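In the two assemblies presented below, chain A is common to both, partnered first by chain B and then by chain C.
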Partner chain A sequence: MSLAVEEREMAVVGSGPAGMCAALAAVRAGADVVVLDENERAGGQLTKQIHRFFGSRRHGAGKRGFEIAAELERECRGEGVELRLSSTVLGFFPGGELMVEGEDGVYVLRARAVVMATGASEKSLAFPGWTLPGVMGAGAAQTLVNLHGVLPGRRVLMVGTGNVGLIVSYQLLQAGAEVVGILDISDRVGGYEVHYRRVRREGVPFYLRHRVVEARGEEGVEEVLVEEVGRGRGRVLRADAICLAVGLSPLAELAAMRGCRMVYSRELGGFLPWHDGEMRTDRPGTYVAGDAAGVEEASVAMEEGRMAGISAVEDLGRMRGEEAERARSEVRRFLLELRGGPYGEGKLRAKECLYCA
Partner chain B sequence: MRVNECESMQGAGGDPWSSAWERAARGPVAVVDCREEIPCNPCEEACARGAIKVGEDICASPRFDPGLCDGCGRCVTLCPGMAVFLLDRSHGKGVARVTVPYEMGGELLEGGEAWAMDEDGNALGTAEIVKVKRTGGRTGTLLVTVEVPEGWALKVRGVRDRLISLEAPEETDAEQRERDYHLCRCEEINVSDVRGQAGWFNSLRALRRYSRAGLGYCQGRFCQDLLRRELAQTLHAGEGEVGAFKVRPPVRPVKLGRLGGEDA
Partner chain C sequence: MAEGERVSGRVERHAVIESFSGGREVVIFVDGAPIAAREGEPVAAALYGAGIRVTRHASKSGEPRGPFCMIGRCTECCMTVDGARNVRACRALVKEGMRVETPGREG
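== the complex of A and B ==
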């Protein structure tokens, strides 16, 4: 089997905020960059987000996710980044070649620098009945509602009180669904208080210290038995959909296949490629950024993307060491700011732990 | 560490509603009800008058100077946490006007009525809608101003076009029939299989090799996470210790013909 081979200077896998910012940083230093993404639209997670982003104004916060994506895309196109959409990277080989499935078939792309900005995948949760139609990830529900205008159900139970669970609950309400409850095994809400309160004021009941015992139904979910942990008392909620927002883990399969050293971090969402503070993995010419390097936020993803782009062009010989260092120290400062506060602290510690591991 | 730059700035502590009370007698003023330290600052840039400050440390909670605020409402629109409101007590005795951001898409018209909701989603009652301001675009936030009895002024946090009843159902005994369930759908491996055989395997890779869990069509994309958690729990080990599946190409399902280099 022989596949067509294309040679490029730099390739970025994933067109989310991390990928596009990596590409922008590199193209500005004169590199030839192609961004590959499996979707028809550029922007990654951002394309699904109709809410105004929290985060820093510098990174577009206050605007809606899809607007931030459109802006980054315009910038990329303007600066001469090639955005190659509907292109799935199937493999990343120890020699550094990418196997890509594009619109006209499968080919090999060989690049001297590869940034993996593949984002994260949703974690799942199993209980009796979880395989019934109507049980889905919150991200999948969001795609249905925000991109296709379809409700996942009329009465939805949300599992998980992190920001994703809270934000998607709000969007389900906006789309006209009833959210019959938001449940969490923890005794406190995981997400930001402002997000909790805007859902709460719509009258949605919160079931903290609760777990799903089972989902029941014939052809799909009809009701859900939930239980207060340790009390043996429960409630039967009438719901035709259950959305799971129980966390994200870095999408790191490509890194593993490339032979990158993998490390596990609970705080950052699971297994991820080891990397240093400049977003280099332990394989030459191989970088990682954004949620793929540890699940955080869009603003952080953008800065990590920039960092990866800078390191890549430095290694490609397109940027002098001091100049790269100057640019990186700015990024470092922003990252430190973004990881301040009680929510960022754990991430910061986990990252620092990683850098020196 | 945070130091208030200016004496008149309210720190993160006090109740922003009652502290806006006096100033609201002279006209609309913002109430910035955001106390947590989160990395967020659109409110700061929204305010052209410099009444809201987050500062260098983006995780600081916003500080607000009612003396600089003219009640323009831009911050109400732009706050992604929908945590800023306007309070106005200049429209006569016994009443107050509260402006809230609204994104629910219901029919709210000036001169009509809306339900005024408190923090916990309880309806305080109905209130007259005195103003609806559209803030641009299809996805624009509405700024809805309602006139309410003064006694509600500090309680209103939202409006609704209609009430929905979301009462929690009665508690019952959580009668639990232990039911088995799949962890790996493709290969039909149950939770009981993993628990029963866990003694033989100490890693996810071994589990996959012997039980075929994770070898189906999804290539472990859906089940790996579930299998790992279950195995780790059964073995009283960390999730990191039981490891991950070895990844083989393709990382996404692909038609075999296409891998041969043919067009689909």
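== the complex of A and C ==
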């Protein structure tokens, strides 16, 4: 059986902030762009972010994540980007072809430039009872609550005090759940002060220097045994959900399948395709942007998307070298700014170390 | 858990979000029993909304498993949907009258 083959100038995998910004940069230079996404709606993880972003106006500061997603989607549609949703990319072959499963079956899409903007997946944490229903990623809980209006539990224990743990805890409270505690093995809170204060004000107890010893229950989580590290004194918390906010890893399987050189970076979340500062991988016509290129923040993903889009249209012959370089130097400036804080500093070092590797 | 106390459930009202993924209320069947669901929402969300956390039982140990990643990666929520096996309940969308079976329940 032979599959139908579609020829396009440029394809972007993933319609999150990185993917849509890559598509916009390219379509503005006259390229023909199709964006593929397995979800029914565009926006990636922005669609479930209901808190207001801070930072600069260029990155949607003061707006909520789902509003930024809707704006990018409107711009894409307005400028002629084809957003092809409910379309899962199953494969990315060494010859550069994408295999796509759409609503009407499987087909091959051949594009001269492909940007991988596939995002990240949540890391996990194993302890006795971690397979019980009710134990899930904090992002999974956020999806349930903010997109579908369903509570992951009535009494939730959050594991991890980074921004994801703090923000999702607050959003669970907003939706009417009780957060029985936020636990971290570290002796200090990892996320921003502003997010910390917000949950603290609601009276949520913090269990720092603590670990989960065991989750117990018959058909799902009913209680959790936690203990202070090194003290050995346990405490049982009544909870019906445990949310794990212990970091993210780049979703980079497509890059590996394409034959891109893969590198490991602890700072950037795990294995990712090697790329240069202009978001080119070591395979021709193959680019990467956003969390798939190393886990950072949505605003960084937007800038990396722009960078990848510019490099792609330059390589496609749609933009002259000097013009591309001018556009990239602007993006580079914003990236430096975004990675300026104490949180971004480690990311910046990891990226620079990658570029020259 | 105290007798009759329900874990999970629907968000009653929300200060920021105006609407959720599901449309009109429909009925689907889980292991033969009817539950209320919203058209177009993921089956896994409908189950949680009805207070059902178990999506399958592990084939060897028989231990209960439930939704874990909600993005179609972990396969912990694989169920039988309208006769098709190994369907990810977090990706399959609710249609009226859908029949969902929990794998391993009989064993």
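Following the convention adopted for this analysis, the second predicted complex is superposed on the first by the 357 of 357 C-alpha atoms of A that agree within 3 Å, B and C clash if a C-alpha of one lies under 4 Å from a C-alpha of the other, contacts with A are read in each partner's own complex, and residues count from 1 in each chain.
The working rule: a residue touches a chain if its C-beta (ideal position, glycine included) is under 8 Å from a C-beta of that chain, and two chains touch if they have at least 3 such contacts.
Bear in mind that the values here come from a model prediction, so they are computed numbers and not experimental data.
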Could you tell me if A:249 is touching chain B, chain C, both of them or neither one (first, second, both, neither)?
-> first
Kindly classify A:193 by the partners it touches after superposition: chain B alone (first), chain C alone (second), both, or neither?
-> first
Of the two partner chains, chain B (first) and chain C (second), which one does A:31 touch, if any: first, second, both, or neither?
-> neither
Does the superposition put A:308 against chain B (first), chain C (second), both, or neither?
-> neither
With the two complexes superposed on chain A, say which partner A:114 touches: chain B (first), chain C (second), both, or neither.
-> neither
Thinking of the overlay built on chain A, is A:159 touched by chain B (first), by chain C (second), by both, or by neither?
-> neither
In the overlay, work out which of chain B or chain C sits against more residues of chain A.
-> B
Now for A:233: first (chain B), second (chain C), both, or neither, which partner does it touch?
-> first
With the two complexes superposed on chain A, say which partner A:131 touches: chain B (first), chain C (second), both, or neither.
-> both
Tell me which partner A:11 touches in the superposition: chain B (first), chain C (second), both or neither.
-> neither
Which residues would you name on chain A as touching chain B in one complex and chain C in the other?
-> 38, 50, 64, 121, 124, 131, 174, 176
State the interface residues of chain A toward chain B in the complex, per the touch definition above.
-> 1-4, 38, 50-57, 61-62, 64, 88-91, 93, 99, 101, 104-106, 121, 123-131, 173-174, 176, 178-181, 192-195, 197-198, 200-205, 207, 213-214, 225, 227, 232-238, 249, 253-254, 256-257, 262-266, 270-271, 297, 299, 337-344
Spell out the part of chain A that touches chain C in their complex, as residue ranges.
-> 38, 40, 50, 64, 121-122, 124, 131-137, 139-140, 143-154, 174-176, 218-220, 222, 240-241
Contacts from chain B onto chain A in the complex sit at residues 34-42, 44-46, 56-59, 78-83, 103-105, 117-122, 139, 141, 157-158, 160, 164, 166-174, 176, 179-183, 185, 191, 221-223, 225-226, 230, 238-240, 244, 246-252, 254, 258-264
Can you list the chain C residues touching chain A in their complex?
-> 1, 6-12, 14-17, 20-22, 41-42, 45, 48-49, 53-55, 58, 63-73, 76, 93
